[in-house]
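What follows is a set of structures for review.
In what follows, chain A forms one complex with chain B and a second complex with chain C.
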Partner chain A sequence: MTKMSSEEKIGHHEALSLLVIILSAKVFLSFPRNMALLGDAAGWIIVFLAGIYSLVGYFFLSALLKKYPGKNIIQIAHQVSGGICGKLIGAALFLFFLMTTSLYLRQFAESFILAILPRTPISVITILFLILLVYTALLGVETLSRVAWLLGPYLLIALIIIFLFSLPQMTFDHLVPVLGPGPVPLIKYSLTHLSLFSEIILFGIIAPLIRSREKINRIGLYILGVAVVINTGVTILTTAVFNYVETQKMVFPVFQLTRLVAYGEFVQRVEAVFVFLWFFWAGIQLSGLFYGAVTSFAQTFRIKNYRPLTLPIAVLTFTISLIPASMTETVELGDYTTSPSLISNYYSIAAFGIPFLLWLIAFAKKHLGGVTND
Partner chain B sequence: MIKRVIVIGLLIMITFLANGCWDRRELESLGLVQALGLDLGPDQKGVTVTTMIAIPSELGGEEGGGAGGKPGVFLISMDAPSIYEAFNLINTTVNREITLIQNRLLIIGEELARHGANKWIDNLIRYREMRRTLLLFVCKGTAAEILHVQPQLENKPSEYVNALVALSRRTGMYPTVTLNDFLKHYEAFAQENYLPLLDKYQRKEGPETPPAENQAQSGGGGSESGTEGASPEKKPQKQDDVRFIGSAIFKKDRMVGTFDIYETQILLLLNDEFKEAMLTVEDPLKKGNYVVFKLLATAPGEIQYRRQKKVDQFSVQLKLEADLLSIQSQIDYTQPKLEKFLGRVIAGEIKNRVEKAIKKAQQEYNSDVFGFGKKVRRTFITSGDYEKYYWPGKFKDAQVNVDVKVDLRRVGVQFQPPENR
Partner chain C sequence: MNFWNGLKKVFQFGARGRQFSLGNKSWNRPKPKKPKPEPLFRDLEANQRLLEKIFELPTNQDVVIRDFSIPSLKQKALLIYIDGLSDRNTQSFAILQPLMILGPDEAVNGKDPVTLAYQTLLPGHQLQKTASLSDVVDGILDGSSALLIDGSDQALIIETKGWEHRGVDRPNNEPVVRGPQEAFVESFRANTASVRRYVKDPKLVTEIFRVGKRSRTLVAVMYVKDIANVKLVEEVKYRIQSVSETVDYIPETGTLEEYLEDHPKSLIPQMLSTERPDRLGAYIREGHVGVVMANSPFSLIIPTTFTIFLHSAEDYYLRWPFGNFLRFIRSIALFISLMLPASYIAVINYHQEMIPTDLLLAMTAAREMVPFPAIAEILLMEFAFELIREAGVRIPSVIGPTIGIVGALILGQAAVAAFVVSPILIIIIAITALASFVVPNYNASFAIRILRFLFIILAGFLGFFGIAFGLFLLILHTVTITSFGVPFMTPIVPYQPRNKDRVIRPRAYEQKYRPLFLRPLDWIRQEKNPRRWDRPQSSIEKGRDDQNEQ
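Showing the complex of A and B:
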C-alpha cells in the first residue's frame, strides 16, 4: 500500500484551524448573497440546517476513518471497492478539488480586482496566487497547517472586529419575516445545497496524518461546528446590516460591510486592512484545496511522491479558472443559486455521497460475509 | 553561484513589480472630488454633474489660508447622459483624473429628485469608488448653485457641510442619511425615504436687523413654518449661505414633498434618531409667555401594531424627558406638582405635532417615512406573504394612536425664577 511521505504529521489544532479556514473562506465571496437569494431574511437558517445535515454526512466519513485507521479516503476506496472503482472514486475526488480550487481562485481574484486592483489583469493575480499555491504544496501540508494554526486566531479576531464594528449598524428588524420563503423551501434548499460544507472531504485526506488518532472523530465534529457558526454568523451579519433585498444584489457583501466600517472621524476607510484578512484567508484555503487536488491525484494513481505533480496541476487550475467568461458566470458556477447547478450537485455528491457509498459497501461486506476477496 | 543568480534575478524582478504596474495612481495626478452635485440635465433625460474638486496646493497649510483666503476648491459642471460619462467629459478639460475616493457628499437637485431617482441609484451603487457611507442631500433649486456657495467659517465647503451634519444630533432639525440608509429603505417595502433638505439662506446683516430677532425667528417659537428664516427677497449682491430647512420626503424613488424643521424633529423622534433639541411652548398659566426647555429622547419610542378586521392599528408611545431652560412668566414651575403639570402640557404639544406630522405623511404624501412598515413586517412569517400584503398601499388608511409622556427631570442651576417685586 502506498504511503504518503511518512515524515508528514500534523497536530489536531493545526488540522482544525486549516479545515475551518477552508470551510469558511467562502463568506468573503458571494456566499451571503446567495443565501439571501435562497432564503430571504432566513438565509442563515439554510446555512444552519445544511450544517446539521453535513454532520450526518460526516458520520459516514468518520466511521470509515475509524474502521480503517491510518488510511485516507482514497486508500479506503481502493481497499473497499477494488482497483477500478477505487480509481474512479479517486478521480472523482481529484476533479472535485480541482474544480473548487479553480473556481475559488477565480472568485478571489475577481474580489481583489473589485476591492483594490481594478486595473490589474486577472491572469496576473491568478498566476501570483498560483505561485503561492505551488510553493505551499511543495512544502507540504504540515507547513500549511502550521501556518493555518499560526494565523487562524488572528484571522478570527479580524473577523470579530468586523463584526463588532458592524454591530451599531445591525437591526434585527432586517431578519424578519422570520421564515423567509416558508419552512418547506428552507428545508428543501438546505438539502439541495449540502455542498456548502463539501470541503470537509479534505479531512478524509489529511485525517490519517493527525498525530493523536483517538481525537480524529472529535476534531471533524469541531471543524464542522466552528464552520457552521462562522458561516451562519456572517450570513446573519450581512442580512442584519443591509436588509435581505440589498444583500441579494451585492457581489461581495462582506466587502461592502468592511467599507461601512467607521468609528468617529479617525477610523474610516479601513477596508484596505481587511483586504489582507481575506488575502490570508484565501491563500490558506486555496493552498489546502490545491494540496487536496495534488495528493488525491497522486493517491489515485499510487504515485509515491506527489511533488512533481504540483506544476502541471497548477497549470490545469489556471486554465480552468479562466474558463468562465465573466464574473457572473463564475459566481453561478462556483456558488449556489436557487436551483443548484450541476457543479454544485457534484460537490455534494463527491463530499457526502462517496463516503456514504463506501460505508455502505464496507457495511455490506462485513454483514453479508466474505463474498468478495479482501 | 546559481543561487546568487536567482537571488539577483528576483531582486531585479521586484524592482519592476514594486512599481505597482497597473493600479499605480500618483496622488498628484488625481482630481479628488470633495462633493458631487446632480441636477436634471437640460434634455430632461441626462444629468448635470457638478464636481467640487480640491486644489491641493491651496488646501494644504493651516497657516496659509485663513478666513477670506482662497476657497481651496474649484467647481465644474458638465451635462452628460450618466454620472461617469460626465467625469470623462470633465477630464477633457481638467488635467487630473477625476476620482470619488474622497467624496463624502452628494447633493441632488430638487427637480431631479422629483423626477425620480431610480435611474441614478444604480449609477451610484455599482461603481466601486462610490462608498455607501456617502451622505445624501436634496436641495431647493439646483445643486450647482448650492455648491457654489462659499462658506464663511471654513475654507473648505465640504468640511463645512460635514460639521453642519454632525450638529444634527443637537437640534434634530434635519436628518443625516447615508447612501446605505437610503438603499436600505429603498426596496424593503417597510419604510419610505427621507433626505435632509438644503436651501440657500441670506444672512441678515449689519445694523438694520438686530441679531436677537434673527435668533428668535430661526430658533423656535413653536411655529409651524421653519422656512421663515430664509428671506424671501433675494439680492444677488448679498452673500449667500447654505441652510438646512428640514427634510425631503420620498415615495418610492420620487420626492413628493417636504417636512419643515419641526416636522423633521417629529420624523426623527419616531425613527429613534432624535437626541435632543431646545423647544418652546406657550406658558399654560400665563398666556403670551413662553416656557423654554430642552427635550431629550432617552428611551427609544415604542410602536405597537395590531391588525383588526383588516385595519392596521398602531399605538405610538413616546417617553421623553425635558430640562427647563427658561420660564418667562415668573411662575415657579420648579415644584414637583407643577412640574408634572408642565410635563403634561409639553406632552400635549408634542402629541399634537406628532399627530399632525403623521397625518401629513398619510394624506398629503402617502409615504410611510416613519417606518411603521417595520412593525407590520414582523407579523408575517414568510416574505411572500408580506410582499403580497403590500404595506405601502395600506399606510394611508392606518390608524395611529399617539401617547406622549414627558417627565421634567432637571431645572438648570436655579429653582424659582427671579421675581419682579
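Showing the complex of A and C:
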C-alpha cells in the first residue's frame, strides 16, 4: 500500500453508500431506455439477471480481497501476475475508469443541457464538473465517501418521492408480455450486458481502506444487492409508467418521471428542483470513478502520491468526453443493442474478467505448486 | 523555486499526514520547555532597584512602592502594587496594620523573615510565597501586592485584587426563555467560578496559563480530568503554550481562536464561543475542553462540530418535543438564510415554469416597472440590509431608533414606491433576514451571510445547477475540515450510531453515551434505564443487585 492511500480510512457505511450511488447513477441516464430497447417490457428481468450474475462475478473479487488483505486489486495483480502483466492489467483498469468517467460525464452534461440549461455550452458544464472532480480527488476518497453517506439518505428520499408521485400513473399492464422477447434472449442479453454492474470493480480499489476488515465481503454483497434493487426498480417504474414503446423513444426517462411530480395547482413542473438530486448523484459517481482512474494510474506505475496526476487526467477526461459529436452519438456509444458494442464488452471484461483471471492464476499457483510470492 | 513550492502545496492539498487527530496513536507533541526562573536578591535595596527598573519608576506613576519596617521582625520591607487595581482596605488593614503594629512574640533569629511573616503575621487568606522575579511582576500586574523583606530572597504575593468591574449580567447574545439567566463577565475568577458552580465535580481541572509575551493575559483551560481525552487536553495546552511563547498581545478569545484553530482560512468557524457558563459547563461535562480568558466575556468550547452550531442552550431545558420543534425550525432557518435569495434568482432567471401562473403574473406585474435585472436588485437589497445590520451594531445608542425608521421606511416602502425593487423581493429579503437571526451562533451566521452572496452569484450564472455546484463544494469543504482533530460533520459523517443528538435530540433519558467522537475516558453518561419505574423488570433486578452489594 502506498503511503498516501494508507492515511485514508473509510467506514463501512460510507463505502456502502458511495458504491451504491456509483452503481446506480446510470438510472438517470439512458439506462431505462436501453433496457426497454433490449428486452421490451422485460427489460427489468435483464437488469435483475445481470445483477445475479454480477454477484457470481463479485465472488472472485471478494475471494482475492480476502486472500490478500490490505491490498487493492492492482497491487494484487502486481503480486499475482508479476511485472509486465500486472502493469497491463492496471492499465486496462485505468482505461476502464477513464472511459466510464468521460462518457458518464458527457452523458450527464447532455442531460443537464436537455433538462434545464438549454443554451449553455457543454464545455461550461463539463469544466464545472471537472473542477469538482479534481477538488474531490485532491481531498481523497475518505471525504468523498463521507459526502456520499451524508447525502445518501436525501438522494434516496428524492427517489422515493419520484416513485410515490408516479404511482398513480403506473399500470402494471404495461409490463406484459412478461418475458418480452422470450426467455433465451433475456438470459443471453443479461450475460452480454454484465457491464451494467461493472463499476463494482471500484470496490476492489477502495476495499483495503475500509476500517472493519471482516465486513468487507458482506459490504460488497450489500452494495450489489441495493444497486440491483434500485436499478431494477427504476426500470420497472419507467416501463410501468410510460410502457416500453414510449420508454424506447425517451432519452432520459427518469427525467420525464420527475415531470410527473405535481400536487394540486401550486406544485407543478418542479423538475428543476430535481437538478439537485441529479447533480449530487452525478457528482458523487463521477468523483468516485475519477478517483478510481487517478489511483489506478498511480498504482499501476507505483507512483506514491497520486495527487499530481489529477490535473493531467482531468484534461484527458475532458478531451475524451468531447469526442462524441452529438447527444445521439453520446447516448448510442453506450450502445445497448442486441449485439453489445466494443465498449460494453470491454467494461464487462475489465470488471469481471480481470478478477476472474487473477483468481485463476492465484488458484493455480496455490494448487498446482510453483512459486508463490506470498 | 517558489513556483514549485506552490505547486507542491496544491498537490499536497488535503493530504492527511501531518494533521492532528484524536485517533492517531503515534502522535506526540514536544513537551513545552519551562524557562528557568530569574531569582530575587537577598538585599532589599537591590530588589527595589530591580523592580524600579522593570516598572520604569519613577517615570511610571501607576506603580506604588511603599517602604516601611516591620518591628516584630526588625527588618525593612517593601510593598509594591498598582494603584487602582488593588483594594486599599485589604492593603491597609490586612497587610500594613498587622505588619507594623503587631509586637514581637519570640526570638526570631535565624528564621527566614518571609516565612515568618507568612506563618505568623499576615492574616490574609490568599498568599503565595515565591522566589521568582517573573511571578512577582505578574502578581503585581494582576492587582496583587508584593511584599519583599530585607534578608530574604523570597517574596510574598498577597491577593488584593479589587478593581472596578461589571457585575454579572443577563446574556446579551444568547438569551433563553427558560434556563439560567447569567452570563460571563470580564472578571477572570468570576468566570471560572461560575463554570465551577455548574460542574461541581472535584475532577474539574482549571489549568491557568498566561498568553502573550507582553499582555500576559490569564487563560484557563477547563476540563474534567477523568472524562476529557488526554490527547485533546494535551493538544489544547500545547497550542496555547506555543502561542504564548511567540505572540506579544492576545486581547480576547476571538483572537486566541484565530491562533488556535485547525483551518484559519476557512469560512466556517471551528470553535464555539459562548457567553453562558451553563452552556460551557454542559460541554465540559461531555468531555469538551473549555477555554476561559481574562477580560473576555466569551469562552471557547473545543472542539466544536456542525451540529453544535444548530443547538442552543435552551433545547435541553425544554421538554423534548418543544426543544426538537425549535431545532427543526432552526434547521429550516439555516437552509432558508443560506438558499432563499439564490433560489429566487434561479427560479426567476432560469426556471420560470416552476411558478404557478397566477403567481407568475402577479410577480411579473410587480417587476414590470423595475429597471434592474433581478440579480442586481437582490444584491442591492442584500447589501442595503447588511448596511442596516452593521449600522445597528455601531450606531450610538442615543440615535438607535433612527435605524428602524431608515430601514423600514426608506429601504422598504420608498424603494418599492420608487420602482427600484419589487415588493416580492422585499418579502424574500425580510424572510431571509429573519431566518438568519434564528441561527443561534453569531460566528455561524457570519459564515452564512457571506456564503449567501456566493450562492446568489452562482445562481445568477447557472440557476439551480450553480447552486447545486456551490452546495456540493460547500459540503465537500465541511466534510473535510476538522476542529482539533475531530471531523467537523461528526456524528453525521463519520457516522456515530450511538450519539443520537444530531439535529433532532432524543429524550434526555435515552442519551446513554457521551460524544464518542471526542473519545472520552468515560463513555457512559448515565445508566441504561434512569426511569426505573417505567420498566419494572429491570428495576427489580437492579434493586436486587444493589441490595446484594450492600
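The rule is short, and it goes like this: the second predicted complex is superposed on the first by the 365 of 374 C-alpha atoms of A that agree within 3 Å, B and C clash if a C-alpha of one lies under 4 Å from a C-alpha of the other, contacts with A are read in each partner's own complex, and residues count from 1 in each chain.
What we mean here is this: contacts are C-beta pairs under 8 Å (C-beta built on N, C-alpha and C of every residue); 3 or more make two chains touch, one makes a residue touch a chain.
All values derive from a computational prediction rather than experimental measurement.
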Q.
Quick check for you: in the superposed arrangement, does A:215 touch first (chain B), second (chain C), both or neither?
A. neither
Q. According to the contact criterion defined above, which of chain B and chain C contacts more residues of chain A?
A. C
Q.
Just to be sure I read the superposition right, which of the two partners does A:179 touch: chain B = first, chain C = second, or both, or neither?
A. first
Q | Touching partner for A:41 - first (chain B), second (chain C), both, neither | A | first
(Q) So in the superposed three-chain picture, is A:135 touching just chain B, just chain C, both, or none of them (first/second/both/neither)? (A) second
Q.
If we overlay the two complexes on their shared chain A, which of chain B and chain C does A:272 touch? Say first, second, both or neither.
A. second
Q: State whether A:151 touches chain B only (first), chain C only (second), both chains, or neither.
A: second
(Q) Tell me the contact category for A:116 with respect to chain B and chain C: first, second, both or neither. (A) both
(Q) With both complexes overlaid on chain A, does A:305 touch chain B (first), chain C (second), both or neither? (A) second
(Q) Once chain A of both complexes is superposed, is A:67 in touch with chain B (first), chain C (second), both, or neither? (A) neither
Q: Residue by residue on chain A, keep only those touching chain B in one complex and chain C in the other, then list them.
A: 116-117, 120, 124, 268-269
Q.
Which residues of chain B touch chain A once you look at their complex with the stated criterion?
A. 21-23, 128, 131-133, 180, 183-184, 187-188, 190, 374, 377-378, 380-386
Q | Of all residues in chain A, those that touch chain C in their complex | A | 3-4, 7-8, 11, 13-14, 112, 116-117, 120, 124-125, 128, 132, 135-136, 138-140, 142-143, 146-147, 149-151, 265-266, 268-270, 272-273, 275-276, 278-280, 283, 305, 307-308, 310
Q) Quick one: in the complex, what on chain C touches chain A? A) 7, 10-17, 346-347, 350-351, 353-354, 356, 462-465, 467-469, 471-473, 475-476, 479-480, 487, 489, 492-495
Q | In the complex, chain A residues that touch chain B | A | 40-41, 114-121, 124, 169, 173-174, 176-182, 242-246, 256, 259-260, 262, 268-269
